[in-house]
Amino acid sequence: MGVPLKPARNWWLWAGAGGFLLAMTLWSAQGIGFSFSELFCNLGSGSRLLQESWPPDFAFLPRLYQPFLETIYIAIIGTVVGGILAIPIAVLAARNLSPGKLIWFADRNFMNILRTLPDLFWAMLFAAAVGFGPVAGALALSVFTIAVVSKLWSESLEAVNMGLPEAVRSAGGSWLQMVQFGALPQALPHYVSYVLYAFELNVRASMVLGLVGAGGIGMILETQRANFEYERVTMIILAVLVAVLIIEQISESIRKRLT
Amino acid sequence: MSQKAQGSIRFSSANIVYPNGAVGMRDLDLEIKPGEFVVVVGSSGAGKSTLLRAVNGLNRLSSGKVEIDGVQVPQRDGRELRRLRKRVGMIFQDFRLVRRLSVMSNVLIGRLAHVPGWRAMLNLWPAHDRAIAIKALERVGIPDKAWVRASDLSGGQQQRVGIARALAQEPAIILADEPVASLDPVTTHQIMKDLVRINRELGITTLVNLHFLDLARQYGQRIIGLRFGELVYDGSAATVTDDDFREIYGRDFTEDDVLDEDEVA
Amino acid sequence: MPKHRVGWATWLTFIIAALFIFSLWAIEFSPSRMIQVPGQVLQQLSFFYPADMAYGWETVLPAIVESIQIAWIGTIIAAILSLPLALLGARTLFPRISRFVKLISATARAFPEILLAIYFVPIVGLGAFAGALAIGISSVGMLTKLGAEVVESIDFGPVEAVEASGGSRLLALRYAVFPQVLPELAAHWLFRFELNIRASAVLGVVGAGGVGGVLLNTLRYGHFDKAAAVLVLTIIVVLAIDMISGEIRHRIIRG
């Protein structure tokens, strides 16, 4: 009894994967003009920028109050509208509840396509469609919320215990009654938790929507950035960060209590 | 390749008190001679593991000292402790293999302290060390599994890898901490026989913690009994009586204390 | 019908409804405006067809490729930086430093990449390089947190086994920790790459390269057929990358 020869590793696979990683990295680095020298040469100008952006302009703070509230309004509207619209989309995308294969397939793809576009893309599109301002932002966040909540919640719906829904069905209930009384109550805590999570994402997203003209605090950020008023940019960003962190803490503590 | 009269262990008035106040070892004086096969028994919490783990410095003494071949075991991490541990192999109840790695890689872990650091980091093993690892696998009878993933082996086979890893260190001492507690009865006897055989063939001082009395009697040469961290029995396995066991356990023993139930009676 | 007590759920619904209506009023989203909106959207939608695919191949595709490159380099930077940080952040390995590392990574996570890009653009100039740095830095936070959790979840037996055989801390990391955590870390890196593709797509808005700038320009000048090409190509490319990356992730975790 001896030690068998070391089995040949799948060298082609490993070499292929390694080669791909390296090639992709070199190609990308070259494509985006990555250079250490540029990074270090520009650190000088960078430190000048950092000096200009510090200390933050606290006198600017009062002017942030109104736009900040607008940001929160946008996030609330987007969360509520998107959260409600996500319900039917999630139900139809749950394999165990969907009334037909075709509807399930179409809805699922619709959901995946919604997910591919980032929040700011929706903001740009709605700003073009309904004009600059908070309404465009609220619409953009509604779509973004649908994308987030429907995907996550359809997965919890697929995990519900099918005993009760089938009982409703066999007692002569319609499809709608089966979903409403059999399935949704079981997955309700998940729903609330995902909507709160979407609200956190929305607050964060609504801070930057204004960069493309969709309302909120980001619109001020965009004007100050374009004018290179970096003390004010820093002030805005600090305020945004503090607000985001506070809202996240509150929302997270509620979510933890729910699940 | 028997080791020349190496692997003696000596505890001198050694105490271990855990941070929570529990006493793990109380005034222990103990001498173990090179090449002995010692079984440590006691009910759970009696300090069996504490004793073994004090030998290679995994547990620190609160007072007193422990020496290996006259050299005191350092009581803090560092190069000296690592140099000492190099000569002490350890076998664990839960095997402690890296499950994603091959058997060979797991056995080579026993050679880590024997090769230059850069070679170990780059996984570049000298032929000499590979040969030692293969030899160790042959000694536990599973050379054919060398390139199998550790997680694909049965429990008994995994423990053999654990033994091979300890052997790959070419140790003077082997510490086996409840080596058969997670194995079925048949495999248990095989592993115990392996340990005894290795002890006879290579003359490696071996300390084995066991819970089962019949195993201790069957495989031990010398039996050490612990109770509440204190040495309460030290004698030959051939002459140990049921009364001695009652004394060690502080109670009548039950079928939980023996492996083969028909031996109770 | 028996009258029952008003539960907390009813109150919550009531409060949310009130907040919602107040918000609508505050941003002047009046009922008359609501009636207009669907019409406006549908009307705009008609301008999007047919998509100008000639523009798509010529201008949009290179910009999407640039977005992918930004996301890739950003992810590589983040993976390299987060690897040692994840080890330092693991409570089980480094109990003293872990708290500090986790605090830093939580702060970094709170920074949306686009805000970081606002700082990097003036430092290294307009373009994709600034975008890659922004993506990289902002991903470090999340990868460090997830990585530390992976490290904390490993089986610590082998670590002790290595140390009991006389191996150093470093060798224990190399042989007992890395083999256990590397596959899961790689899966997290890939997942982050998927997120970063979306993030890098919008960085063009602040001049940090990629397809976002193209979309902003086409919409600003009313070239909706060209904007349509941006949307179609972005959706296809992102879907394809999600599918491939998701498949690889599943294989890594299973394998």
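As written, the chains take the letters A, B and C, and residue 1 is the first residue of each chain.
The rule is short, and it goes like this: a contact is a pair of C-beta atoms (placed from the backbone, for glycine too) under 8 Å apart; a residue touches a chain by one contact, two chains touch by 3 or more.
Worth saying up front: this structure is predicted, and the values here are computed from it rather than measured.
Undergrad: Based on mean C-alpha positions, I'd like to know which chain lies farthest from chain A.
TA: In terms of C-alpha centroids, the chain at the greatest distance from chain A is B.
Undergrad: Is the number of contacting C-beta pairs greater for B-C or for A-B?
TA: Pair with more contacting C-beta pairs, B-C versus A-B: B-C.
Undergrad: Which chain has its Cα centroid closest to the overall Cα centroid?
TA: The most central chain here turns out to be C.
Undergrad: Using Cα averages as centroids, what's the distance between chain A and chain C in whole Å?
TA: Here chain A and chain C have centroids separated by 8 Å.
Undergrad: Please report how many Å separate the Cα centroid of chain B from that of chain C, as a whole number.
TA: Roughly 49 Å separates the two chain centres.
Undergrad: Using Cα averages as centroids, what's the distance between chain A and chain B in whole Å?
TA: The answer is 54 Å.
Undergrad: Where in chain B do residues touch two or more of the other chains?
TA: Correct list: empty.
Undergrad: So which stretches of chain C touch two or more other chains?
TA: none
Undergrad: Under the touch definition given earlier, write down the residues of chain C that touch chain A in their complex.
TA: 16, 19-20, 22-24, 26-29, 33, 36-37, 40-41, 44, 65-66, 68-70, 72-73, 76, 110-112, 114-115, 118-119, 122-125, 127-129, 131-133, 198-199, 201-202, 205-206, 209, 212, 215-216, 219, 224, 227, 231, 234-235, 238-239, 242
Undergrad: Using the touch definition from the top, list the residues of chain A that touch chain B in their complex.
TA: It is residues 1-4, 6-7 of chain A that touch chain B.
Undergrad: Which of the residues in chain C come into contact with chain B in the complex?
TA: Per the touch definition, chain C meets chain B at residues 155, 157-158, 160-168, 170-171, 174-176, 179-180, 183.
Undergrad: Write out the stretch or stretches of chain B touching chain A in their complex.
TA: Touch list, chain B to chain A: 104, 134, 137-138, 141, 143-144, 146-147.
Undergrad: Show me the residue ranges of chain A that touch chain C in the complex, using the header's touch definition.
TA: The touching residues are 24-25, 27-29, 31-35, 38-39, 42-43, 45-46, 49, 53, 69-70, 72-74, 76-77, 80, 112-113, 116-121, 124-130, 133-135, 138-139, 204-205, 207-208, 211-212, 215, 221, 225, 228, 230, 233, 237, 240-241, 244-245, 248.
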